[in-house]
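One chain, chain A, appears in both complexes that follow, with chain B as partner in the first and chain C in the second.
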Partner chain A sequence: MRKKRIFGRTAIFIISAVFAILFLLPTVLTISNSFMTQGEINANYGVIFNADSPSSYTSEKATLKFIPDKVSLQQYITVLFKSPDYLLKFWNSVILVVPIVILQVGTAAIAAYGFTRWRGKLISGLFFFYVILMLMPYQVTLVPNYLVSQWLGILDTRWSIILPGMFAPFSVFLLTKFMRRIPASLIEAAKLDGAGEWQIFTKICLPQCRSALYSIAILVFIDYWNMVEQPIILLPDAAKQPLSVYLSTINAGEVGIAFAVATIYLIPTLLLFLHGEEYLVEGIAHQGSVKG
Partner chain B sequence: MAKVIFENIYKVYDKEVVAVKDFNLEIADKEFVVLVGPSGCGKSTTLRMVAGLEEITQGRLYIGDTLVNDVPPKDRDISMVFQNYALYPHMSVYDNIAFPLKMRKLPKKIIDEKVRQAAEILDITELLKRKPKALSGGQRQRVAIGRAIVREPQVFLMDEPLSNLDAKLRNQMRTELIKLRRRINTTFIYVTHDQTEAMTLGDRIVIMDKGVVQQVGSPRQVFDEPENLFVAGFIGTPQMNFIDAELTVEGENIHLYAGGQEIEISPNRREMLLKNGVSGGRVILGVRPEDIFPAERGLAARADVSEMLGSTYNLHAFVGETEIVSQTDGVKIAPGQDLFLMPHGDRIHLFDPDTGESLLFKRHHCSASPSAEEREMARAEELISILEQEQANGE
Partner chain C sequence: MNEKKKNRGWVKNVAIIFLVVLLFLTFFSNTIMNRSLPEVSVKYAESGSITTQIRGTGTIEAVDTYQVTIKESRKIKSVAVSPGQQVAAGDLLFVLSEGDSDELAAAKEALETLELSYQKALITNEAEYDYTRQERAITKLEKQINETDALRRDYLVSAEVYKKATDAVKTAEDAVNVAQVKYDQAAKDLKAAESDFEVVSPGNTDGGAVTAAMNALEAARKALSDAENTLETNTLLYGAHYTIVENAAKSEIMASDEYLTLTTDSEREAFINQKLGVYMDYVVTRDHKGTDIETSYNTLTANKKAVADAKAAVNSAKAALDNAVVNQQAGNQNQLNYLYYLQNLEGAKATEEVMAKLLSDAKKTLENAKGEVSALDEKKDSYKKYTDTIEGLQENLEDAKFELEQQKKEDEKAQKLTALDMQALRNDIAKARENVEKISTGTAGGEIYSEVNGIVKSVNITSGGMTEYNQTLAAIEVVDRGYCATMSVTAEQAKKVTVGDFANVSTGWWGGSDITARLTSVRNDPANPREKRLLVFDISGGGVESGTQISLSIGERSRSYDVIVPNSALRSDANGDFVYIVTAKPSPLGNRYSATRIDVQVLAKDDVNAAVSGGISAYDYVITTSTKPIENNMLIRMAES
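Moving on, here comes the complex of A and B:
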């Protein structure tokens, strides 16, 4: 019996370890390769990115190399100091994603408060509608978004991405579930203590949803930091496109830069995650238990 | 400080569920009134209507002289302690107590003074920096009371504030509440399902069932003079014994028979029955366990079990099919033993089996809400006394 248990645990450990390695491999490869020289990169992967003979992509193998022969910051220097394009795209990403995160979390919190405080058939129906919308992949809404943006005359401006990004049923759904766990007596106590609706929202509800707000902010940030389809369709002007789109357009001859850009690209998300890891885990666990 | 007047108050949910029906009561200034009853009797709904957390379907509610039916909770000058304490978990104890004062935009210095004063009264000064989750149940309850008293409200509402505490702490907090009441001396409306709390805390008790007031009276009154079967059974532990009986009335001769035996009726009780014009017939005899004893004659019973409660015993016995309890001071009776149990003639209660109403104690009109005329008269008297006092001061 005990042997069986040990065997079972070992098997689970090995399988988990294999998955973890597979999952981490591309990230580790990207980071380690970003410290290689262009020459080393070409020697390892040149055969894949050889634009002149695409057929070699399938016929030849690349060398996966994790430890650089010589650690070099050449790619980073190129990206940060010799490539203004990169900084521009980075800034494009920031001015698209930051307002979306702030506005989406703000509107979702207000909507969730509405769903929490007022109940009834109409509200229940609306909430059900939100759930249905949530099940719909966002690609489905791309065409309507395009048409509405065109109609509003905001196509090819950042508003065509920011405005639809403000409203997300998923965030509203998660926050509503979170807020509904706040005991009604707390809100009633606040009412008796003299708080108005706005004060109840800002001083009682929001502080108690901090972990949910943080986790939603991180998820929205990751989602929009990595967006590709929306800017390509709604923001055709390459000068306004974010870093996520720029990454895919890096010239095959600059693969080294791609590694460095990808590494730098990871940093904001990573920092945000590390800063709010506690809240994120708490928020997701809380929501998980609600849904379960 | 203010009185609270309920005038024909109704609360109906979804146009069909009647939670509170024709509730009439006048609570005097600085009075401690306890609403008590089983779950779903409408006591909490009534309290929430006073708080403004539930709309009043019909009727009028006055706090002081103001009709408050449409006044929002924050403008009613009341505070409430909730069963689950309702402390704001993200705020420290200090901020929790200070919250209602901050909402009123009082200067920081005054807020600080009042918070520290309330903390001192409740002996929680050393807890001011802690968060609610770092407090015990009793400490949380003190903080909740602190948050309520800091505003010096006209009316203090408490919704089963001791229900979440263990038995020992509940007893302790009950004593604390009695002391607190002496210190802050305001109008209290207290909701509980615990009759011990009701009996020990209230100046008057309002017993409710199915949304209807069953009796209003002092603790002694509701215990000694229950007006119906529900009140008789609800107040008192162990509860009152009920036995089917037969009453015969021939002129001034009244006889009571139960279990084939005549039960003694005291002259006092006999007089009350005559005064109430009782006719003979089937009745329900009610007798509290402490008012029925093993005797030479009386109700023929068979002993079942005996519970030792320290200084007394609860003897469970069967009179026919009916189980009754007798509180004895230690008479040894073996299970299965036949014995006679005799009720105290001056402590028996008789109820109409059809209506459940007491044949001895009729509804006290003084406990019901006074009519508008009576209220006007009382107000006029109040005004006259104020004028007289002012005149006297002037002289």
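Moving on, here comes the complex of A and C:
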């Protein structure tokens, strides 16, 4: 019986390891290739970007190469010292994503508090509507967003991205579920002590939901850090577009730079994850165990 | 919830540092980038006209320069001209000191030496050519050949005679072979006859036994005849009795049970004949005992027995007779055989003797024939020996004749060579004499005069100086032939000018001159005949002086072009000429400029600008200078000025 259990665990470990390696491969490839020279990258992937006129030294098929022939910081030097465009795009991303995260977490917390504190058919119906919205893919709401942005006159401004990003049913749903597990007696006790709604919200609920707020913030950050469709549709001005869009339109001569930029672009997300890893795990775990 | 949290403060610090660094880099990024980019100067490509002019420099030279030379070593007494002086033909140039020159003395000595050599050669070459010894040797050899040939004729054997002898040998050999075969056959037959004769015997020819047998046979026949006669008598006598008994016996037989079982007549008759004797004896002893019938029957029976015995005796005598006859016949055959083989043996002996004699005769004939052929062979050998001797002598004769001929040829050749040498000596003497005369008369009494009209360009010797053989004493530019200048240009440039075109001439930085230059010919430049040409100008006008450096410009063809760029913007590599134009690319920080290579073809060019065609249009910015080497699509920075 014990042998059977050990065998089972070993098999699960091997399968998990294989999947982990598969999922990690693109990231590892990006990081390792960012240390290659432009010539080596052209030789390996030139055929993809120069399909019409491949260079004589370009291999006929794209070659996935993990170890550089000669480790070079040429791409990083180009990105950091010779290409202000990439750095500006990075800050464009920051300018777009940071307000979205703050505003979305704030509005979601207030909305969730409302759903938690007041119950009734109307509230239940509204919450159900939120769930329906949450299930809809973003692309469905893209056209209405465009029309509304145009109507509001904020098309081709950063607000056309930030404003729709403020209101996200998924965050509201998660926070509502989390807040509903706060014991009612705690809130009642606060009320007896003379606390108002704002005080209850800020002093009782938010501290209790810190892990959930952190996990939502991380998820929202990752989501909007990697956005591509919204800026393309709502922000035609290339000067205002985030780096994620710029990366997707990289051309043949800048493949090596793209690897370096992608690696740099990865750092904020990684740091955020490392910083809030425990909150993220805790928050998701609690949300998973919450009973509505 | 209460688990101890990991310290993640470092992550915050890293994030802050990361963002600060990026902020810093962003702030200074333009500055850093602009520092690293090459700064370029640009100029508009414009439309306009280009005047094609070929420029170059040349040195004025006289078309013809007369060199004053001397052929002997003499001391210069005085120099009558100086550089730059104008002289006319016949003007005095140099005065020489008195006395023979070294060259004249040497020439005279050479003449004397040659004459002496000629005299010696005349004596040396008076040789006589005598061939008597060789001719005598030839005559002697011819005599020996004739004598040997006379001896050889005695041993001549004609082919016909030799063939007859050899045919006779062959015939005799055939006869011997035939005789041998016949003799062998006869010997073989004799041996066979002897063998056959040994096995036969003469045989027995005695006839007594036959006679005795015949007598015995006769007696037996007589006894039989008697017995038969007796039987016949008794049969006739007692025939009736016998018939009675016989009938009774037949009746008995026919009454027997055995007879009754028989079905056919033949079986019955055979049965009766078989049983008749027994039954007759039985009937006699049973029914006629003691009677006459019994007596007759017994007598008859006895007679029959006597006849049967007589018959047996006769047969026995016949057999004895036959045996005696057979024995007699066998004896006769042996006798015959004996005689036959005896005769054969004697015949074979006679044949063998005849054949042996024939064989012996044939062998003798063969020996005689062979002896004849052998004698002929000996004669032939002798004949051949003489022939070889004659051939050897003839070979010696040929060699002697050939040697004589060769000797004569060599002597003839030597005579010719001697004649040539003598002629050469005579020629040398004539030349030496001429040389002496030439040197004696060349200086015309010790003065050198000008032979042309011109200007003395240089004087290479001073008074008191010694001249050397063939030394140039002075150079005189022949004014009448004019002046010229050459300029090296490319083959492409040379196509743009035509003979007869005039070139602008300037002699220095301060301005023009009265000198005119007219293109007289276009030649290959010896320094680079494939790519370069030499333009040769005829120089005329005032102030023309050889050695003057002049600047020439030729070709005046002005033409309008759509795109003209500065020469400094033109670049070239293995793929041809090209220019870099400035391409603007919008970016968040404003326009970025990059250099884009445009391949062009140069249509015309002057000192400053070049007309080009290709993917460039008027009002494109072309890069003229840059602070660093630039490449296609490289980002650049425009010079602020």
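Keep this in mind: the second predicted complex is superposed on the first by the 274 of 292 C-alpha atoms of A that agree within 3 Å, B and C clash if a C-alpha of one lies under 4 Å from a C-alpha of the other, contacts with A are read in each partner's own complex, and residues count from 1 in each chain.
Here, contacts are C-beta pairs under 8 Å (C-beta built on N, C-alpha and C of every residue); 3 or more make two chains touch, one makes a residue touch a chain.
Just so we're clear, the structure is a prediction, and the values are computed from it rather than from any experiment.
Visitor: Quick one: on chain A, after the overlay, do chain B and chain C clash, or do they fit? Just give me the call.
Guide: Fit: chain B and chain C sit side by side once superposed on chain A.
Visitor: Determine, under the contact definition given at the top, whether A:183 touches first (chain B), second (chain C), both, or neither.
Guide: The answer is first: A:183 touches chain B but not chain C.
Visitor: Which holds for A:236: it touches chain B only (first), chain C only (second), both, or neither?
Guide: After superposition on chain A, A:236 lies in contact with neither partner.
Visitor: Mind computing the angle chain B to chain A to chain C from the CA centres, in steps of 10 degrees?
Guide: 150
Visitor: Return first, second, both or neither, reflecting whether A:278 touches chain B, chain C, both chains, or no partner chain.
Guide: Second partner only.
Visitor: Hey, is it chain B or chain C that touches more of chain A?
Guide: C
Visitor: For A:268, select first, second, both or neither according to whether it touches chain B, chain C, the two together, or no partner.
Guide: second
Visitor: Between chain B (first) and chain C (second), which, if any, makes contact with A:80: first, second, both or neither?
Guide: The answer is second: A:80 touches chain C but not chain B.
Visitor: First (chain B), second (chain C), both or neither: which does A:88 touch?
Guide: A:88: touches chain C, not chain B.
Visitor: In the overlaid three-chain picture, which partner chain does A:193 touch, first (chain B) or second (chain C), both, or neither?
Guide: first
Visitor: State whether A:144 touches chain B only (first), chain C only (second), both chains, or neither.
Guide: So A:144 meets neither chain B nor chain C here.
Visitor: Between chain B (first) and chain C (second), which does A:26 come into contact with in this model arrangement: first, second, both, or neither?
Guide: Neither partner.
Visitor: Between chain B and chain C, what minimal C-alpha to C-alpha distance in angstrom results from the superposition?
Guide: Minimum C-alpha separation, chain B to chain C, in the superposed model is 7 Å.
Visitor: Intersection of chain A residues contacting chain B with those contacting chain C?
Guide: Common interface on chain A, chain B vs chain C: nothing in common.
Visitor: Given the complex with chain C, which residues does chain A contribute to the contact?
Guide: Chain A residues touching chain C: 80-85, 87-92, 94, 211, 238-239, 253, 267-268, 271-272, 274-278, 282.
Visitor: Which positions of chain A touch chain B when the two form their complex?
Guide: Those in contact with chain B are residues 183, 185-186, 188-196, 199, 203-204, 207-208, 210.
Visitor: What residues on chain C touch chain A, complex-wise?
Guide: 1, 5-6, 8, 11-12, 14-15, 18-19, 22-23, 25-26, 29-30, 32-33, 36, 586-589, 592, 633, 635
Visitor: Which positions of chain B touch chain A when the two form their complex?
Guide: Listed in rising order, the residues of chain B that touch chain A are 51-53, 72-74, 78-80, 82-84, 86, 88-90, 99-100, 103-104, 147, 151.
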